[in-house]
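First chain A sits with chain B, and in the next complex the same chain sits with chain C.
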Partner chain A sequence: MARATAEALDRQHLPAKNLAPVKRLPNAPTRPARRVAVPKSTKAWQTRAANIALAWLLPVALLGLWYIGTERGWLSEQVLPPPAFVYQTLGDLVSSGDLWLNASASLQRVVVGFLIGSALGVALGLAMGLSKTVEDYLLPTFNALVQIPVLGWMPFALLLFGIGEPLKYVLIAHAALVPVTLCTLQAFHEVPKRLLEVGRAYGFSQRQIVTDIVLPSAVAPIFTGLRLGFTKAWLSLVVVELLASSEGLGYLIAYSRQLFQLDLVMAAVVVVGTIGLLIDRGFEFIERRLNRGRPVKTGRLA
Partner chain B sequence: MSTLTIPHATQTHRYRGWVVPIVAVAIWWLASSQGWSSSGLLVSPQKVAVTAWEQVTSAQFWRAISASLARDLSGFFIGTTLGLVLGCLLGFSRLFERLVGPSFNTFKQISLFAWIPLISVWFGLGDVAKVVFLSLAALVPVVVNTCDGLRSVSPALLEVAKVYGFTRWQTIIGVMLPAALPSIFTGIYLALVYSWLATIGAEYLLVSGSGIGNTLIDGSEHFMMDLVLFGMIVIGLVGWGLNVLARLLERRLQRLYGIAPR
Partner chain C sequence: MSATRPLTTQHVAQATVQPQDNGLRLENISKHFTSAGADTQLHVLDNVQLDIAPGEFITIVGASGCGKSTLLRLILGLDEAFDGRILLDDKPIRGTGLERGIVFQDHRLFPWLTVEQNVAVGLKNAPLSAAQKRETVREHIQLVGLQDFTESYPHQISGGMAQRVAIARGLVNRPSVLLLDEPFGALDALTRTRLQRELQHIWQQEKITMVHVTHDVDEAVYLGDRVVVMQPHPGRIRRIVDVDLPRPRNRSDARFIALRDDVLSDFAELS
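After this line comes the complex of A and B, so read on.
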């Protein structure tokens, strides 16, 4: 129906209106520039200062509550030691050298375990990413084993390796291996199609495609996997040390818990959190550099 | 948060996936039947199967696993609910984010299990402590993802809402929440995974009552490798079952909201 009318309209011979050719458009009426009330610009440092002040409000309030709570004796000192006491314990830990002893033991474990795990993980991910056959053979088994969390492996590993250093290395390596492998594999699956097409258009050989396109584009995602792997390694380090260890930060926590020295527990928890935070920030910084010029993926793997 | 979606093997070479496990079990069986190792830890596959059967038919095992699951789910629900509330507050209110965001980001860096000794002092070793710990484990990913999802709603959508003269409330219900839904699901899904992991951890570290984690620790302490292996398989299966359930639910809800599955 609509088309019929359109055709009918086409066939109609409308007398063309005789319009004088436009030489130039008339001047647009000049209008005084509208005055927009520009809000008084708050200086950058002011907003930043406000942000910092707001951010500290909650911790300070909690600290105040904690202080008042212990001062007034709402909770016994055994259950909640006063903040000053925890701070003092932290100072003692640092000055007596206990902190360095335990922290270095923990860090050494986590670094060794992480290096083993991530090296294996990258290798495994590369093998599966580059060869479909290897992926077909290994991936289902890998997926099945991944379903058992690190903690599930723990009793098994305890029986197999005893409670020495190898146990820690194995479990930490396993914790790091899983995310690294999965991220590496995913990196290979998610190589931008456009780039592959360009490569093909230029007649790249299979090898050139791998070395010049696939690997460079996989670097950043693999790094994300490494960061995630380190987070997991740090997490499982604490568990392993809580359960079976005679030195290290996790041991410090477990040991002081047994002695009911909550100030020491809290101080150790603060140290664990701080180290975790610093390492994560470091990785994040490198990751941001690697990801420069890429579309930003919002969100992070918690 | 891009989830680690585990890629699936291609359909054509399905049989290939079975090669490695079958060979592994065959070697294991050979090793145990030929007596390659005199260690008592090398138990035969048959023995594991027998233990598994004994356990599955015993009431004690079912009590343990239902206790674990009850803990897991109650911690998961409490943690997820609190996480959704906190995440929405962080996502909707700039002021709240400036107030609480930095503290939360620092808090989540503390390795989860480091809380256990403190929790054990404050809440004892019983179920309360475990549920508190599990809620904590479930809370963090939900908050992070909910907040992220709400924050990364595309500005184009928000502009459309503004053009149509939506009220703030309408914008939240009609635009922001549906747009953030996939991310929120990711958080809930991760919470499910984490809380199962934390259940096992809590049962190792807060040793009291029964649970599948306690069964494993018992097996380990009595050098019963068959029991340990069986426990591991159960933990894996339950984790897998929870995953599948979460995926199904996610797809259902996404269809309900008319969002294309990722």
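After this line comes the complex of A and C, so read on.
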């Protein structure tokens, strides 16, 4: 079969032979077009709308359950304030400016801590990725130290850095550092050998191999590490603020718990979740753009 | 060597017929792989001898495991642990070099670069000015007929087109030898046939030496001035078949079929 096609194609380039003129078939008689019923296909926007609706199903159901629960008095109003009350508290928080005050304090901490931590993480990952010796020296210790949670470092860090801003920066940076370092190192371990050989074949220097092959192919995995690192930083921010601060979203939660204002607690929790989600979406968006043009396309079962 | 090579295609055509060009010479090449942990050695290549004239189109054909791809890697300089000598223009090769181009079976284009930038990868360390590089890249994209796709990324073009980009990248330094490691192995039959014809056309135009490894006997006879038949365990040359047919060759020609069947009969004996 393959050979038959090959021969047919080759012949196109051979000098034309004298062939007998081909008899043309008469034109087919024209027929009136027939209408055929085509089943209506689901349009793309309909599918998308359905997916979005699915994503909202669970939160809406939970909200409904919350509403019914408070309505029926399953839990006392002090423990579980009704949604309308929490919504009102949220409104008050916004109009009084408290929300902005606390959210901006938190955001500033997380941004500073995350920048420090991820910069260190990328540097550490690069160092270990570029030098096997550095990796052999550092990685085992690093792996041991990362097993200690933020809360475990807290007492020691409190003594070392006091209770001020440096403490928050250090603990948030530490949280971001771990995933960023590991993902960067992983990116270096997974540089395709096939492409490295191309570099060698065209006489790339060690430096060109790093800047022109290793780094470009590592960009997307490093970014995945940054995204993970931010999530960790955001989570540990709230923990740090719960324990030691006088403003911030975590502080708002701790403070209102002490006053037994559960509506305020719920409102702050909603804000923490929303900001975290929005930033993560932003990272995901950039990540997807970076991954565009990657040869590997993943499939899914269903 | 590539530094002194003139830039335009016509000049190269004149340059390659210079008498001092002594082609590629493989002397007693043997290669062993040591498997980690075990004391056993895998004998991959045994005493391979081959003289390739400048401008010759050599095809190497053999079953998988006969060491034909390993041999190509040795010529390319990716693997320097072997016995014997490889001489290009009477000078032993050391490491990789711009005078030897390569086309791999998988196109191995950089996914983050456009077609144009991927071809330019070959020129990264060439002693040319930026303008000369741009011009040379443009010429070679034209040579493989992809001038309408210079800004496309590898995932946006078909497998056959990607392989053409790889051929352009392999040729862009105007190497004296182009090594091709089963370059059409992963393509469909129609595309493969078309690219075989294009490759032959490029070879006739550029007049460079080509060493083309394949497992397709039909392809080997269609393209090669000589077909080197290899056999495995250990990998060695079984025989060399001269293909003395005018080009472009006709696959249904009786002499073509006779030659192809002759080469195929080697494999029938082996299995």
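One rule holds for everything that comes next: the second predicted complex is superposed on the first by the 237 of 302 C-alpha atoms of A that agree within 3 Å, B and C clash if a C-alpha of one lies under 4 Å from a C-alpha of the other, contacts with A are read in each partner's own complex, and residues count from 1 in each chain.
Criterion: a contact is a pair of C-beta atoms (placed from the backbone, for glycine too) under 8 Å apart; a residue touches a chain by one contact, two chains touch by 3 or more.
Note that the structure is a prediction, hence the values are computed from the model and not measured.
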Touching partner for A:L195 - first (chain B), second (chain C), both, neither: second
Partner chain in contact with A:S76 - chain B first, chain C second, else both or neither: neither
Partner chain(s) touched by A:L185 [first = chain B, second = chain C, both, neither]: first
Between chain B and chain C, more extensive residue contact with chain A: B
Chain B versus chain C as contact partner of A:Q208, first or second or both or neither: second
Contacts of A:F156 with chain B and chain C, given as first, second, both or neither: first
Partner chain in contact with A:S217 - chain B first, chain C second, else both or neither: second
On chain A, positions contacted by chain B and by chain C: none
Residue ranges of chain A touching chain B (in the complex, touch as defined): 50-51, 54-55, 57-59, 79, 132-133, 135-141, 143-156, 158-160, 179, 182-183, 185-186, 189, 234-235, 237-239, 242-243, 250, 253-254, 256-257, 260, 262, 265-266, 268-269, 272-273, 276-277, 280, 297-302
Chain A contact footprint on chain C (complex, rising order): 76-78, 96-98, 100-102, 104, 106, 108, 110-112, 121-122, 124-125, 153-156, 173, 189-190, 192-194, 197, 218, 248-252
Chain A-facing residues of chain B, complex: 1-10, 13, 16-21, 24, 41, 95, 98-103, 106-118, 120-122, 140-141, 144-145, 148-149, 151-152, 183, 190, 196-197, 200-201, 204-205, 213, 216-217, 219-220, 223, 225, 228-229, 231-233, 235-237, 239-240, 243
Touching residues on chain A, where the partner in the complex is chain C: 1-3, 5-7, 9-11, 13-14, 194-195, 197-198, 200-205, 208, 212-213, 216-217, 219, 293-295
